[in-house]
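These notes open a run of structures that come right after.
Across the two complexes that follow, subunit A remains constant while its partner is subunit B and subsequently subunit C.
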Partner chain A sequence: MAQNDVVMSVRDLSVNYLTERGPLQAVNRISFELHQGETLALMGESGCGKSTLVMALMRLLPSNARVPNGEIHYTTRDGRVIDVLKMSKGKLRAFRWSECAMVFQGALNALNPVIRVRDMFYDTGRAHGMGSKDAVRERALELFRLVRLDPERVFNAYPHELSGGMRQRVLIALGLLLDPQVVILDEPTTAVDILTQRTIIDVLMAIRDKLGFSIIFISHDLAVAAEMADTVATMYAGEIVEIGPVNEMFYRPHHGYTLGLLEAIPSLAAEAEELVSIPGSPPDLIEPPPGCKFHERCPFAVERCSREVPPLVDVDETHRVACFEADRVIAKARETIQA
Partner chain B sequence: MSEQPLIELRHVYRTFKQGRQLIPVLQDVNLTIAPNEIVCLVGESGCGKTTTGKIIAGLLPQSEGEVLFQGRPLESYRGKERAAMRRALQIVHQDPFASLNPAHTIGQILSFPLKHHKMVSGRAELRRRIWELLTLVDLTPPGDVVNKYPHQLSGGQRQRVSIARALTVQPKLIVADEAVSMVDMSIRVSLLQMLHDLRDKLNVAIIFITHDLALAKYFAWGERIAVMYLGRVVEIGPTEQVIGNSAHPYTRALISAVPEADPIRTRSKQRMKLRSEDIPKLTEIPSGCAFHPRCPFFVPGVCDARVPTLGAAEGYAQQVACPPLTEGLGLREYEAAAEAPVAG
Partner chain C sequence: MWRSYAFRVTVQGLLTLWAVTTFTFVMIRKMPGNPVEVVIDQLIDRQQLSYEEARQQAAGLFDFDPGQPLIEQYADYMNKLLHGDMGKSISSAGTPVANQIKRYLPWTLFSVGSGLIISFTLGVLLGMAMAYWRGSVFDNVLTAAASLMYGIPDFIIALLLLLVAGVQLKLFSMEDVLGGVGQDVHAGLNLPYLKSVVQHAALPVITYVWGTVGGWILTMKSSTISTLGEDYIMVAKARGLPERRILTAYVGRNAMLPLVTRLAISIGFVVGGSVIIEFIFQYPGLGRQLAMAIGTRDYTTMQGIFLVIASAVVFSNILADLLFGMLDPRVRVGGEE
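Up next is the complex of A and B:
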């Protein structure tokens, strides 16, 4: 991918939450780049910092959060570079939704139950200076067609008249109302049924290909990442421990945690399976362990892992890993994963 | 089956009242569970899998039909026998945060049922039994856990406590309703493996309810799976058959729709295209086979006219409720539709 098509560039970003026991390092020195039209999946267990990270990208962190270091640079369509962390409140309003939109999980709670879908679109359009109601309506109906909803019926409906899957698609359309370059999806298919999930995945991928926006999505479901993502980042205890193209990550993982996740999830395809869960639980992020934060649970850990923090280094041009024992991980992965 | 079933559901119906409407949540469910067996109930939300689980656990009466425990209707048990029957049937709920009292220690949570049901006599035996239960669910060393409160444990550990609590009364059957769906994926497998071990060690049967087909396949490998749709069992049989050689179009649609953690495979999978994406409301269940408005192999005049019952079908070892397959009605049209390209 060319250097100049980067839409979002995150450098050394950290987020702490102030707690009674001291600062909790929810996100620790994360760096990555998001390219035009790229879909990036963040995967990891609950509490790994993936939600905090995307909230930081949108500057939507709660009041007890602090960003001690890091930069978020966003490049607009006309080539201007914006420093997201230094943006004024007014600029931020313009940035959110029209440049970078977020679709929250739980389609039930994210729509106002007492107003019609059309009024939510009108309100959003007006708040972000979209001009006439007709323009909003036209755009909304076009988006509904793209997400395979019956445009007129849904536009005039109340949320309770729609099924869960339809509501999720309404939210996706609402997120796209101002034609953002980046769409952030928080667990887009969690808590929906299998056939509904299929529709949402298909619709999202079709509309992404058509409109060309970039996606960052959070999922604890590796299968959804395998299907939708171009790039996958594994997060553990607030850090990206491995990032690379989807096939690399699933067939040639270099980090013990990525491999551990892959070995812990059942698949429909295989015959009888041998699965192994990762022992232990994630560390305390107020007093994190020294060295690699995963070393206490890692079957590949050596003495060095408990002393030194492994840096994120290149496996190749696109694939990076933070593990001293990556050679042993990939050797094991070659034995267990048949691609 | 020569052995007497542990639980048998015969033509079980269940309706719920909503305002003036009667909602049929279960219709004509027939299910037999042998001692020490594992059966997975899978299906989408609203299919009746949780209601079935509650009826099996004796927590909810059926509206019609019979539920037999060791050959006798649940209602016929009285007095001490009834207490023993209730102890034999236990349930583990989905949410380990809501199902444990936050004001009690783990030791207390386990001691209440042990004392109430007089499973132990004396403090020494109580303590010994609690230690034994915590060891069974791999919460070791037990001394580290007994005096903790639920909020001091992780979700996975809490679910282990819920399972230990169900085991206090030495049940013959445990209904595990989405028991691992709120636990992180990295430790789900260890919980499932523990449940399997308990089944072998303690000779219990397990009804495992889930919406996750891959999880059901893993847990019930070598056992049985029942697929439910809008209140009915549409396919039941050996897991390897139901997953590997699915008969019912609904099961086939589910399997083709599930994404898999294998990028090349999941992106090249043949998808079945349904005729409609909307799940019908329980108040407006379609005539005949409830799946017919969505089924790509729909045979007019058959599928919308006949209520299918579970039966054998040629080429399949499992039972399926689909008239073209079981009775050969309109089979030619069905097969023509089934052979047409269906990739979405």
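Up next is the complex of A and C:
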């Protein structure tokens, strides 16, 4: 991937939540780049800041959130660079959905229950000057066909008349209405059954290849991430601790936490006792531990880990990790993953 | 589908009305005392008659026999009712109950109705604003005020209004506010008459609004807060919809759903009016009439008014059903397509 096709570039981004006990560092100095057509998967435990990060990208953070530092730059199709954090209210409204759309988790509540699906499409089209209702309708029906829904029926339905999987696909279609460059998917497959998951992933991959948008993807399901993603980032306690191409991450992890997540996946071939969970629980983000935030739970931790914060360093051109003991992790990984 | 629903609702409504009518008929007659005894007591008090003299005099005033068996009275009453006749008032001999209702109902509809509209509108607007700026001074002050207002019984408010504003501060004179309309104006569509009507309705309306607006405010506030936390509001923002559209079609409409049922039921009680409030302000509505009918044990008038109230409640419940179905497709009956 060439350097000049970056769609979204995040530098040094932090997000704090103001709480009674003090600021909670939900996202801490995160940097990454998203390229055209790239699918980036974010993985990590609940509460590691994945959702906060993607909310920050669209400036949808709740009112008690603050962004003390960082920059988000977005490059439009015609090459203009937008500073997302400094946009005015009106520009932000226009930016949302037309440049960067989001498919939320829990499709059940993401659609207004008292208005028809078509009205949500009309609302969105009108808010972005998409022209006549007929134009919106035509585009919507085309998208419904792409996500394998019965176009006419779904377009005129109320949300409660659709199944969970159908609603999720309606949301995907709604997300693509304005042909955005970036689509954020926040656990798009958690609320649906396993067969519907399959359909949704197939649909997503097919339309991504057809329309060529970039995806930022949050999933607890590493198998889904492995299948869809080009790049995978592991987040722990509000930080990206490792980021790299999907094969590198899954076969040559350099961070103890990435390895821990991989070992926690049940596989049909593996024996039950080989399943290892990561001991302990995520740290307090109001008063985070010194040094590497993972050291208390890390089997590879040495004395230095509790004193110094490991910087994110290059393993190679595309793979970066924040760990002092990366050599020992990869050695262990070679044993367990190859076995 | 629709026809079977209409049929079911109608039958249910009629059954309810019959049950209420029968129940009130029995209850009213089981109250201690009867219309004749009330007049006997009055005659003894006022004219210093002996009991026997008073009884004879009173019996001549009524074409009503309290000794008639209950079941016969009931059969008679139901028979007349089925022919659309609510009977004649017992204490104001000769006046048909229907005429009394026709005369007093408009006053109640006007005063309590406008009170309800003002209260509901204020409550919805303020409640929504408070939910938007929750935690602000505006919200905290109004929440406290609303709880306080909601907690004071309306008859206390009525008395305080009369005593503090009327008697002590002399903001108005009693003959300007008590009753339904001034003595010296002619009924009709002329300005002095309308002005007098509004002036006399002011205190009952203020009392009514004061007593109920707190409830609307608090309900709307909590309903709006929970709606604001819904995913679809976040999604609407993410979709870049204009604030105004989100406010009306996404927040307002959904937050008002729980209030619709309450509103319709309140409409039902508008007809019954506020018995004590109308009594305190001497407002010539159905509520005051009911209080007076109870005092004189005027069985037929009481039955008539209770029947009107029950019909209004039954009707407004049906209205609530239909309205809710219109606003929330999830409970729509049958499906229209």
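Worth a mention:
Throughout what follows, the second predicted complex is superposed on the first by the 333 of 339 C-alpha atoms of A that agree within 3 Å, B and C clash if a C-alpha of one lies under 4 Å from a C-alpha of the other, contacts with A are read in each partner's own complex, and residues count from 1 in each chain.
Note that contacts are C-beta pairs under 8 Å (C-beta built on N, C-alpha and C of every residue); 3 or more make two chains touch, one makes a residue touch a chain.
Just so it is clear, the model here is predicted, and its values are computed rather than measured.
The superposed arrangement places subunit B and subunit C next to each other on subunit A without a clash. The partner of subunit A that touches more of its residues, comparing subunit B with subunit C, is B.
After overlaying the two complexes on the shared chain, residue contacts for A:Ala264 are found with subunit B alone; subunit C is out of touch.
By the touch criterion defined above, A:Leu60 lies against subunit C but remains apart from subunit B after alignment on the C-alpha atoms of chain A.
When both complexes are overlaid on chain A, the residue A:Ser163 reaches subunit B alone and has no touch with subunit C. Superposing both complexes on chain A places the Cα centres of subunit B and subunit C at an angle of 70° as seen from the Cα centre of subunit A, in steps of 10. Once the two complexes are laid over each other on the shared chain, residue contacts for A:Val154 go to neither subunit B nor subunit C.
In the superposed pair of complexes, A:Arg93 makes contact with subunit C only, with no contact to subunit B. Of the two partner chains, neither subunit B nor subunit C is touched by A:Ala326. With both structures placed on the common chain, the touch criterion links A:Val114 to subunit C but leaves subunit B unconnected.
Superposed on chain A, the gap between subunit B and subunit C at their nearest CA atoms measures out to 13 angstrom in whole units.
With the contact threshold set out at the top, not one residue of subunit A is in contact with subunit B in one structure and with subunit C in the other. Of all the residues in subunit A, the ones that touch subunit C in their complex are 58, 60, 92-98, 101-102, 104, 106, 109-116, 119-120, 123-124, 127-128, 156, 158, 160, 171, 174.
Remark: subunit C residues 230-232, 234-242, 245, 249-250, 253-254, 257, 327-330, 337 touch subunit A in the complex. Of all residues in subunit A, only 45-46, 148, 163, 165, 193-199, 201-202, 220-227, 246-247, 250-251, 260-262, 264-269, 272-273, 275-279, 281, 339 touch subunit B in the complex they form. On subunit B, the positions that touch subunit A within their shared complex are 44-45, 154, 156, 184-190, 193, 211, 213-215, 217-218, 221-222, 243, 253-255, 257-267, 271, 274, 277-279, 344.
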